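What follows is subunit A paired twice: with subunit B in the first complex and subunit C in the second.
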Partner chain A sequence: MLLNGTITGLIMGGILSLPVLGVAVIYGITGIPNFAIGVIGVFGGFITWYLFPYNMGLAILTGVAACFVVGYVTQRVLLTPISEMGGDSTLFFIITVSLGFVFEGIIRAVFPRPNISIALPRLGTVRFAGYSVEAFKLVALGFAILTLVLIRISEEYTEGGKSWQATSQNLKLAKLVGIGTTRVFSIASGIGCALACVGAIFWGSLYNLDLSSGWDLGFMGFIVAVVGGIGNIWGGMISALVIGMVMSFSGYFLSGMWQSVILYAIVILVLIVAPKGILGSERSL
Partner chain B sequence: MRDRFERVLILLILLAPLLFSLRGGYLQQVSGYVYLFLVQGYVAWFLFFKSGQPFFGYSVTMAIGAYGTIVPALMAERYLPLFMLASAVAASAVGVIIFLATSRARGFYVSMASFLLAILFPKLIEALQDTTGGRSGLYFSGLSGPLGLRNLYLLVILFTVAVVAFFFWIMNTRTGRILTLISENERLAQAVGIDTFWYKIAAYAIAGFISGLGGALYVNYTGFVSSVDIEVFSTVYIFFIPLIGGSRVRYGPILGALFVILVPELLVPVERYMRIFFGLIFILVIVLLPEGLAPSIQKLLARARRKP
Partner chain C sequence: MPEQGQTHSDEVILKVTGLACSYDKVNALKGIDFYVRDLEIVGIVGPNGAGKTTLLEAIAGTVPVKQGQIEFLGQRIERWPVLHRRRQGLMLIPQDGNVFPAMSVRKNLEVSVILSRHAQRRELIEYAYELFPVLWERRKQNANTLSGGQQKMLAVSIGLASNARLMLVDEPSIGLAPKLVTRLFETFLKIRQDTGKTIVLSEQNIKVLNIADRLFGLEAGEIRFDEKTENLSKEAVKNLYLGRVE
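This part shows the complex of A and B:
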């Protein structure tokens, strides 16, 4: 049971960490809490599902690219101008929730079914210490870890990553040395939404996606990010894995409904005891 | 003079739907909902916008009032008023506990803790479905039994007017002025020797109590409550009321409540696209009218008056 619970928890945490990374990237760089990220990700998941019968690779690529464009455009057209006018966290909460309503409405209006499952290939099973696990789930976990490592590497060793860091640490100075901060914000938002889309595709393959999944995934992504220390990528990853474990182990002892109650109660407790999350926030709120 | 005129105008606007009680039916029912959400909207106006407390658990305090009334009343209906009062006290206590528990944190984290509670609470109601009815909900006749629907509607209006009058009154008292100072510059308030801690507790206690009592009245008016009614979006809608209407103006939440409740009603013919329009309208109002509807209407009227 211990090994089973650990592996399931790691996988759940791994998938969860993708929208969490999305939240962390967007918040860490732009300083804007985007509550629509989950709904935008699920919108991409629905696009992938719709195009899936034609070509799997193209479907995934189109879904992820669509989310990148949505993230880029909404940041460029809506969120950055509001931020420049002095918008605060409360205003962004309202704006991004409203944006979430719009994309939830688009999913409802455009796609023929409100509840879908994405049939990604399962790739057989892997046996380990007498326990077998679907290779596909390991791919999902591996993808999450690889994404985290890639983001970290690109932050440290590429020009773009350095301009991200500069923008996140000192916006005025970044502007002064000629960094196109508006473009950096838009790209960060696009990447965050694209990551949420990949998370939604994995989620839709393991479970299913419906109209409320975007909110569930987005809110969950957000609270996991807050627990890890919002804007802190490593904190978000650790927090996602811990919460995945909590979800996995509580599933053995409690019914599904109590599972969510315990999870949220733990998260609230963490916020009360350590208001800045496990590893602390990289931005001051 | 202008202030008194504004107060009388607000009172008249609030009392105007009394006319609906003559006809009953759909308009009476919908306007009753507007009033019940207006109460919650004024709670958000008072606590968030006027006292500067970053609280997002309005659906929780409202739900405590609703469930704290209906669950015991199904066992002993004759003590209904007592249960309503007790549930309001419980909601007030929960508000204070949330404040105390998050007092070490700063703004955004307090918002997140109370917002998470708003996500958690419906799940707790579903987990306790044997007692609370979960998503299927609980039904009872409540006050509509002894009072009748029309009198209950009148009670809802009177309660709303009393709540609005109370908030206007308290904001004019010393306590209200100190709360405004805390929201604008807490350090300054502390520097001049004000113990802001107790004033903030008072704000949470008052807001929790009124929100809880509003929830108790809500469940009596609807005769039903389920976990779906208190989902996290209720808190979002409640918060939208003063924000959309205009938090700087006293009658802003009235316009906000009309907007938040009536816009979905008007969009029923295009139900499939409702969320798209709803979200877009909110974004447009916030972007184009950042101070809310009421101040913008005020400016338009002033401009129209100036023209010969």
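This part shows the complex of A and C:
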């Protein structure tokens, strides 16, 4: 049962870590908390679901690309200009939550059903140590880890990654040395929303997606990111896995109803002990 | 590196006219006229709160201009974003927050050459290492693990790596031991000699008299004097720091 719980937790954490990475990328680089990220991701999930019967690959690609574009454009025309004018966290909270409701409304108006599930292929099962797990779930976890590694590698070796890291560490100096920070912001927001979309697609195939899923994913992503040290990508990943475990084990030892009580009590405790999150953060919310 | 030489061409490359800026509703600059000639080292001196930083930041574009004009290499730049001014050849090294803290020394320099041609990048970084060998020794260390003096060297190197024609440096001597100040100031002379840069320093350290061609005295957002260094006595400059006006 221990192994069972650990694996379920890892997978839950892995899927959870995608919107968390999205939040971490966006907030870590732009310094703007975008609460609409989950709803935008779910919007992409609905697009994928809608196109799924025609071609699976194309459907996923379209959904993810649409989210990238939405993230890029909202950052460029809305959030960056407001940030340049000196907008504060409260303003961004209201604006991005409103943005979330706009996209929730669009989902409701455009798509024929408010509750969907995406039938990704299950890819059979993998067995080890007497336990079997759906290969598909491992793919979800693997994707999260791969994304994280790719981000780190690009930060180390590519010009884009370096400018991106520089922008997150010292925005003013980044501008002064000649980095196009406006573009970095837009791309970060696009990637963040695209990651949220991948998270939503996995979520929609393991459970289901409805109008409120976006808020669940988005806020959960935020809480996990804050616990890990907001903007800190490694912290976010660790925190996602730990919280995945907590959710999994609290489900085993107590009834599922207690899950959120235990989870959020732990979140509050962690933040009292370490207000900047497990791995700390250059920024604070 | 560009051709060597130190002959002043007398060409004015930066001209500020009637510049006014306010900062948190305080008028930090009240109509400043300021100019810099090619290859000059100009020191902006004045007490704390005189507006030295605001003047440099307004030129670089990190503080908005309320009124007045800034002309750089024949272009009106006062409404340009930071990046455009940077492309035009102007770079500010801020007083604080002048390194990328959690990045290695090497990466700090690598992101600073981003606007230069690939062929030139390596040369720019190597020149910084040549000027400050300690940075080469510490190239793999994160900037926030360097000493104060080394961080300052890195900050100057970031400015150098950016290969700007006009380098604005905000109070480079602050927090440095006297010996290091002398050495850093001598480095500025060498930088001009080697690279043909024009340098503007804001300073409170009297040693700026030893390297600047011209001093520009600022107090309470207004000009107090604009004199060639040879015509200025230490006393006149010191008086300004004490807030007395001749």
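We adopt the following convention: the second predicted complex is superposed on the first by the 283 of 285 C-alpha atoms of A that agree within 3 Å, B and C clash if a C-alpha of one lies under 4 Å from a C-alpha of the other, contacts with A are read in each partner's own complex, and residues count from 1 in each chain.
As a convention for this text, contacts are C-beta pairs under 8 Å (C-beta built on N, C-alpha and C of every residue); 3 or more make two chains touch, one makes a residue touch a chain.
Everything quoted here is computed from the prediction, not taken from an experiment.
Engineer: Tell me which partner touches more residues of subunit A in the superposed arrangement, subunit B or subunit C.
Structural biologist: Comparing touch counts on subunit A for subunit B and subunit C gives B.
Engineer: Give one of first, second, both or neither to describe whether A:W234 is in contact with subunit B, with subunit C, with both, or with none.
Structural biologist: After superposition on chain A, A:W234 lies in contact with neither partner.
Engineer: Looking at the overlay, does A:Y50 come into contact with subunit B only (first), subunit C only (second), both, or neither?
Structural biologist: Neither: A:Y50 stays clear of subunit B and subunit C.
Engineer: Check the residue A:F111 against both partner chains and state whether it touches subunit B (first), subunit C (second), both, or neither.
Structural biologist: After superposing on A, A:F111 lies clear of both subunit B and subunit C.
Engineer: So, A:V177: does it touch subunit B (first), subunit C (second), both, or neither?
Structural biologist: second
Engineer: So in the superposed three-chain picture, is A:F143 touching just subunit B, just subunit C, both, or none of them (first/second/both/neither)?
Structural biologist: A:F143: touches no partner chain.
Engineer: Going by the contact rule set out at the top, does A:A166 touch subunit B (first), subunit C (second), both, or neither?
Structural biologist: After superposing on A, A:A166 lies in contact with subunit C but is clear of subunit B.
Engineer: Going by the contact rule set out at the top, does A:V226 touch subunit B (first), subunit C (second), both, or neither?
Structural biologist: In the superposed model, A:V226 contacts subunit B only, not subunit C.
Engineer: Please identify the positions on subunit A that touch both subunit B and subunit C, taking each partner from its own complex.
Structural biologist: In the superposed arrangement, which is not itself an observed complex, subunit A uses no residue for both subunit B and subunit C.
Engineer: Which bits of subunit B are touching subunit A when the two form their complex?
Structural biologist: 54, 101-102, 104-109, 111-113, 116-117, 119-120, 123-124, 126-127, 129, 232, 236, 239-240, 243, 272-280, 282-283, 286-287, 290
Engineer: Given the complex with subunit B, which residues does subunit A contribute to the contact?
Structural biologist: Residue positions touching the partner: 33, 78, 82, 85, 89-91, 93-95, 97-106, 108-109, 215, 219, 223, 226, 255, 257-258, 260-261, 264-265, 267-268, 271-272, 275-276, 285.
Engineer: Going by the contact rule at the top, pick out the subunit A residues touching subunit C in the complex.
Structural biologist: Those residues of subunit A that touch subunit C are 159, 162-163, 165-166, 169-170, 172-181, 282.
Engineer: Tell me, which parts of subunit C touch subunit A in their complex?
Structural biologist: 60, 62, 82-83, 86-87, 91-94, 97-103, 107, 110-112, 114-115, 158, 161-162
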